[in-house]
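Chain naming follows the written order as A, B and C, and within any one chain the residues start at number 1.
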């Protein structure tokens, strides 16, 4: 396998409703990513793009529709889709294209336009439940997150206040992100006092539904070294899918992520992730998920995560900053684009180009992760300089 | 394992039907940056616009924000007129649910500049149609136009 | 070093922009319905529910007693053909108190919140939970680990559906 580097990245703003069509959003992020590393579309060998369910944009075969906005016209182009994990998985998908020796450069582009979904994006998730044994109960999407959050909290005696700390941490980081629309400080009280949706989930425990796109450029080692003196290497990748019988798994621990993370760390030669990783971008569509995933990523001992969070361990200037981008909670959640945004954040942070978001201490190794489907799939990318 | 039996309609087997009203979702599609201007011109001025990529010598209709070939941002807007050429057409006799259509309709693909617009054909005799036929967009009256592709009522022979 | 341009596009719109007609849009829905085959294992599961019984299958390799029943064990990847009845009691593995509908609208004032739960059914392997609803209980009294029992519809109203169990109530 060849070494693969990230050499460029670009984003759109993440907004509740964008004027741009899905294609136009993809074009904005993609052309920004190309400009960032001085490449033209003609320098790109292939495109790996991702978008979550077709239903959000309301365009079936969305991959084909989006392709030209992703720079895929007349090029080998392939969409990847693993639910919420798509944004990080698309990077792995692109990595395969280049690591295999088949292509020297690859554009990875993820887009989501959730504002098309009426009356609310949540409604489009009805069909993810088992058609016969679950849908008859008229479930809604929040149920499974609320059930998982409750199980996780009760297992370790965590409180809603504990979970809110993660929302506060990420939302504070997000205030500095140029794609974020949220510039106001959010406190633990704000989270606790926000309207209850499905106990234990309140409004501000949840990341905001958004439109947006994100793109990165991958290059094989010789090309990367020509393009930049600061390539960010993809050191390890991992992904796992657990059973769709989600009621059969104990939801307090993300077993799917445990395996995916170990796979990525082994490839990257990392033996003690909690000591060796400098920045973490766990997937955080809900505040509890950030903490849940820090445990699955082996970056925090099970049941000790809140203690570490309270001690400032995961703050921007802590030992292991968690979601320095602001994550989905702080920047917004255009599903697939949000995962790719996390990898873009590793790229800027490891190059020391994150501006006022910059994590101190010259971070050298970072991990990004996304999660999806029926709480069963995780994709992990380890990047380093 | 072999397929044990052939079932032609899924409701001939044991099935679960949650009711048609159980998934009452819809999508709302905005026209986008280029689309917004394209439909403004159509609605307000009754004009069709394309955007031109000089480098690739392509004029996209309807107008687009970017050139899919070279990824340039397109800023040259071109009034392409209301006339085009019938590139292909079909007679539609069945509905999407595969029932007989009361009034068979004709759908055409019309070449305007380098774009291809799918639309209805009207004021025409189906046996007179031929590929390569010059056609023209028949617009709805100004007051009925709302910034949608249906502001063109249909294309008719020139 | 100056921060590079890394963000472009994503022009925010408000709902008013759209309602006022300033921004052009079209709306459409799929307008289609589905009927799902129950399949072999779930067909039997539903038929037994109609009789007021819960049936599971057991994997001969890992000995898991699985609910809902299935024709293969997804962990061992072997066929499964051993059927057995389990209890209609269990314990609450986790639960939620839900104040919103599927479309994210809030339930009405005075309307009872939905009480979804994962229930580990007695007689199935440990941790074998199914999603169902809780009833005859005040939301604040629900506890993880609580023992519950199925409340069945009257026999003549059962139709071979997971909803033949109306909900689970505290024992």
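Some observations on this one:
By definition in this document, a residue touches a chain if its C-beta (ideal position, glycine included) is under 8 Å from a C-beta of that chain, and two chains touch if they have at least 3 such contacts.
What you are looking at is a predicted structure, and each value in this text was computed from that prediction instead of being measured.
Of all chain pairs, the one linked by the most C-beta contacts is A-C.
Set against the C-alpha centre of subunit A, every other chain centre is closer than that of B.
With centres set at the average Cα position, the gap from subunit A to subunit B is 36 Å. Per-chain CA centroids place subunit B at a distance of 40 Å from subunit C. For the pair subunit A and subunit C, the distance between mean C-alpha positions equals 26 Å.
Residues of subunit A found to touch two or more other chains are 17, 19-20, 24, 27, 31, 58, 115, 118-119, 123, 126, 131-132, 136.
Chain contacts: subunit B has residues 16, 18, 23-31, 33, 35-36 touching two or more partner chains. Counting partners per residue, subunit C has 11, 13, 18, 23, 27-28, 34, 36, 38, 103, 161 as the residues that reach two or more other chains. Contact residues of subunit A toward subunit C in the complex are 9-20, 24-25, 27-29, 31-32, 35-36, 58, 115, 118-120, 122-123, 126, 129-134, 136-143, 146-148, 150-151, 154, 178-179, 181, 195-201, 211-213, 243, 245, 247-251, 344, 348, 352-353, 355. On the subunit A side of its complex with subunit B, the touching residues are 17, 19-21, 23-24, 27, 30-31, 34, 40-42, 55, 57-58, 68-69, 71, 73-74, 115-119, 123-124, 126-127, 131-132, 135-136.
Within the complex formed with subunit B, the subunit C residues making contact are 11, 13, 18, 21, 23-30, 33-38, 43, 103, 161.
By the touch criterion stated above, subunit B contacts subunit A in their complex at residues 16, 18, 22-36, 65-66, 68-71, 73.
On the side of subunit B, the complex with subunit C involves touching residues 10-11, 13-20, 23-31, 33, 35-36, 39-40, 43, 146-148.
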